[in-house]
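Some structures to go through are shown next.
One chain, chain A, appears in both complexes that follow, with chain B as partner in the first and chain C in the second.
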Partner chain A sequence: MHVVVDLNRCQGYAQCVFLAPEVFELHGEEALMYSPEVPEDQREKVLRAVAACPVQAVFAGEQAGAGAG
Partner chain B sequence: MSSPETLFRRITDYASRADPYPLYAELREHGVARQEDGSYLVGTYDEIAALLHDPRVSSDPHSRAEPFRDPLALQEGMPVSFIGQDDPEHDRLRRLAMRHFGPPHTPRRVDALQGELVRIAEELADGFGDKERLDLVDDFAFPLPVTVICRLLGVPPGDVQQVHVWADTVVAGLDFTPDEDPEPRRRASLEARAAMGRYLGELAEERRRRPTDDMLSALANDDGPDGRLTQPELMVTSVLLLIAGHETTVNLISNGMLTLMRHPEAFEKLRADPTLMPGAVEELLRYEPPVQFLPQRTPLADIEVGGVTVPKGSPLILVLAAGNRDPRRFTDPDRFDITRQDNQHLGFGSGVHNCFGAPLARMETRVALTTLLARLVGPRLLQDPPEYRRSPVLRGPRHLPVARTPGGR
Partner chain C sequence: MPGDAPGGRIVVVGASLAGLRAAEALRDGGFTGELTLVGDEPDPPYDRPPLSKGVLLGRTRADACGLPSRRPLDARWKLGVPATGLDPLAKQVLLADGERLGFDRLLIATGTRARPWPDPGEAALDGMFTLRTSRDAERLAERLDAGPRRVLVIGAGFTGSEIASGCRERGLAVTVVERGRAPLIGALGGTVGAFATELQRAHGVDLRCGVTVTSLTGHDGRLTGAVLSDGERIDADIAVVALGAVRNTEWLAGTGLAAGPRGVACDAGCRVFDMYGIVTDDIFVAGDVARFPHPLYEYQLLALEHWGNAVAQAETAAHNMISRGPDRRPHLTVPAFWSSQFGLNIKSVGVPTFSDQVVIAQGSPGERRLVAVYGYRGRVTAAVTVNRAKWLEYYQHLIETAAPFPPDPGAADFDGSEPVPSDVPDPRVLSHGPTVYVTGHLPLLRPPSRRPGG
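Moving on to the complex of A and B:
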């Protein structure tokens, strides 16, 4: 599974970092870092992060990049 | 009777508690409605969202033209919690607290609670035993968040019951019942807050002498880049977290079970596929938000909202639950749809004051509902609508009696 964050939408609520700390990480107060390739054991947590993003900026799927434009 | 000037009176009337949504629809028709007492009610999504991001809108009770008492103040002379402050002071205090709750400094504290949370939920469900009738509030939705927030902060298990009693008294003091003398409840609430503050202050002292790995130890001992919370700030902040982490989640879980039982298809779908639960929790936050409105905002200047000028210093009440059902933002807004897309609800507010505990509330509710769905075989609501708590702000059932077939897993 792949994950993409639309950083133009992201407002730093950090819900994804709470829910999937192995995949999303904050550097400093606002800079979001993430690994686009989601390990199998992190799948469910990433999907929770997608649902929880208050500005709907996180996209996941087998081809997340394709739909995230 | 149905003048828009009386909307707030009608919304807060206890008779409206079970179904305030027609009144919210009426409010949206007006967009912004000036009330007979000079306050302004806002119920449309775009206007609420804009105001929540507007630096001219204050959360500080002192910004009111008419003096306003902070319902969460510990006592005269104590600082106000960050929920009732504006930036930069709000930002400093919130950052000092957030540092020990979440990323970037403590990214795993909430995630690490998950296993224990599941265990607590399972234990509570085991406690149902062979009972054919349950009260989902008293038997489950109430004890779960209290236990979790106490565990997170570091309140010893032996003191949880006492904290519980205090929190209950404080929350009772937040209710407004128009035709009742608020003074006795207000005084009891103030005493409970002061007692809770003293207790947490002493507990923090103890954690300074002997630190453990809970959040209170971290708050009491750490010297981060923003310095340290003073002792009064620490007391006020931890009281805020205890109360906020308590009541709202109880209502989210209870409103959630009530809504799912009223929508058996969604109930069965979620039971069969728990991976749908995160989306369902978001839909519950939109459809039946545990905080219905924010009563404490005040414009710092004359501002224009939806064509109406709201004068500086007047009470501004943002009705989140009305914005969540705004047809201009959500398709078919009165429909409960657990697979709804583009669900940017206002259930946790928005902007700089957005709910601090949202990640914890999401996790607790997901685990709570998943556990209950697995354990309740053939559940039936015994009272619909159920008896509600008094508060129109923190709205939820006081009891949620259900019948079930014992057994299940």
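Moving on to the complex of A and C:
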């Protein structure tokens, strides 16, 4: 699974950071950094983060075009 | 569902963010025909913003930045194969491997590439980098891991500033050279530029503004340093060229389309113009390579190197590609982007370069949190926040409703600042290009007689 955050939409509520701290972290007070490739053992946490984002800025899915190259 | 979503053949040239989201939107809109995505890079679509942030810091692998898909595509992918030409009469895209791809509708989403260092001999020195692709980021991160003595960053736009930030966070010595008067000044003007200057220096960046790199020096094929226009020499074993972007339009030369160094011009519905300004029926454009008219900015043609624009424009282009005339819609999204650097979150909405004045409406540079609001001829045209992202939506509303500038001083953290000239320099004096190209002259330099109703 891969994740992408629309950082235009992100307002730094940081719910994802609480729910999946191995994938999302705050850099300073409100700049979000994240690892796009989600480790298998983090899937559930990331899906909870997707659901919890107050501005629905987090999107997760299988990697686009995987196996196409 | 729009119109009578057709079958037929659609080719999308460009397999990055805009190309991918357009392909998904085509299928979402009911397109059932043959769909082909062409990309010059070998990798499936990936997200570029992390490359200059988490990847440079060594927290994310460059090859782990793939984009999640929104839906199954049922598409044919031609990756690692650049498009080399277009025959608009035969309606065929020519590929580097000799294949000719016929289409009924074409989407151009070829984006941009890093502007290379102008001297090919110097550019070939070991230690020279640009940062645009996943491979670029991978190689640069490896070299930063090795602990260079000093990194030279040429150009202090967003990419150059983010690279400098990452290097400082790694504890590396960094020199930034920028021909303009301040970092970020091309996109955000003098007030935020002055803030960025202070920010970089406070984080230990050796920032040199108002000078250029006149030559790079090497020994045994390895970079050793640079000579600046003021005669100073910088010792550096890595140089990152961050001189802005070049639009990937060469493959369209000779097609008769309105495509050139500034991008591919289109109408409000993403339909590409030909060189006479006549709209084509079957060729569309989206993302960084597109130039489109925006009603909030006097219908000037804008080219935006923004993640959000790539997504929104791709969705509009895809919708229009499979819709009949009256069902088509315009691309009217208010421009927006972000940058994180030196621990701060910088966000922008509107077009800050389309301005004559700016006011700090909330916070202050000293607090490292602020909202700068930009105005043009008495209306709000843009806002930039530093660690104040939650306020941006409010200012976006002011932009969309052409609210008067300066805005009412309603915020509790307004310190009484007065508007000052926004001080947007002529892009020609910058090392880094502005990330928004407002076509034509700077607003302040335009003769009033050419402004309708002005």
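The rule we apply is simple: the second predicted complex is superposed on the first by the 62 of 69 C-alpha atoms of A that agree within 3 Å, B and C clash if a C-alpha of one lies under 4 Å from a C-alpha of the other, contacts with A are read in each partner's own complex, and residues count from 1 in each chain.
The rule we apply is simple: a residue touches a chain if its C-beta (ideal position, glycine included) is under 8 Å from a C-beta of that chain, and two chains touch if they have at least 3 such contacts.
Because the structure is a prediction, the values reported are computed rather than measured.
Q: Have a look at chain B and chain C on chain A after the superposition and call it: clash or fit.
A: fit
Q: In the overlay, answer first, second, both or neither for which of chain B and chain C A:A14 touches.
A: first
Q: In the superposed arrangement, does A:L47 touch chain B (first), chain C (second), both or neither?
A: first
Q: Can A:F59 be said to touch chain B (first), chain C (second), both, or neither?
A: Second partner only.
Q: Quick one: is A:E37 in contact with chain B, with chain C, with both, or with neither? Answer first, second, both or neither.
A: Touch status of A:E37: second partner only.
Q: Does chain B (first) or chain C (second) touch A:E29, or do both, or does neither?
A: In the superposition, A:E29 touches chain B and chain C alike.
Q: Of the two partner chains, chain B (first) and chain C (second), which one does A:D6 touch, if any: first, second, both, or neither?
A: A:D6 contacts chain C only, not chain B.
Q: After superposing on the shared chain, does chain C or chain B touch more chain A residues?
A: The partner making contact with more of chain A's residues is C.
Q: With the two structures placed on a shared chain A, what shortest C-alpha distance in Å links chain B and chain C?
A: So the smallest C-alpha to C-alpha spacing between these two chains is 5 Å.
Q: Quick check on the output: what are the common chain A residues between the chain B footprint and the chain C footprint?
A: Dual-contact residues (chain A): 27-29.
Q: Okay, in this complex, where on chain A does chain B touch?
A: Listed in rising order, the residues of chain A that touch chain B are 13-15, 17-19, 21, 25-29, 44, 47-48, 50-52, 54-56.
Q: Can you tell me which positions in chain A touch chain C when the two form their complex?
A: Touch list, chain A to chain C: 1-4, 6-8, 10-12, 27-37, 59-66, 68-69.
Q: Can you list the residues on chain C that touch chain A in the complex?
A: 15, 20, 37, 42-47, 49-50, 53-54, 59-61, 64-70, 73, 77, 79-80, 307-308, 311, 336-338, 340, 343-345, 347, 387, 389-390, 392
Q: Tell me, which parts of chain B touch chain A in their complex?
A: Residues 102-104, 107-108, 110-111, 275, 278-279, 281-282, 342-344, 348, 350, 354, 358-359, 362-363, 366 of chain B touch chain A in their complex.
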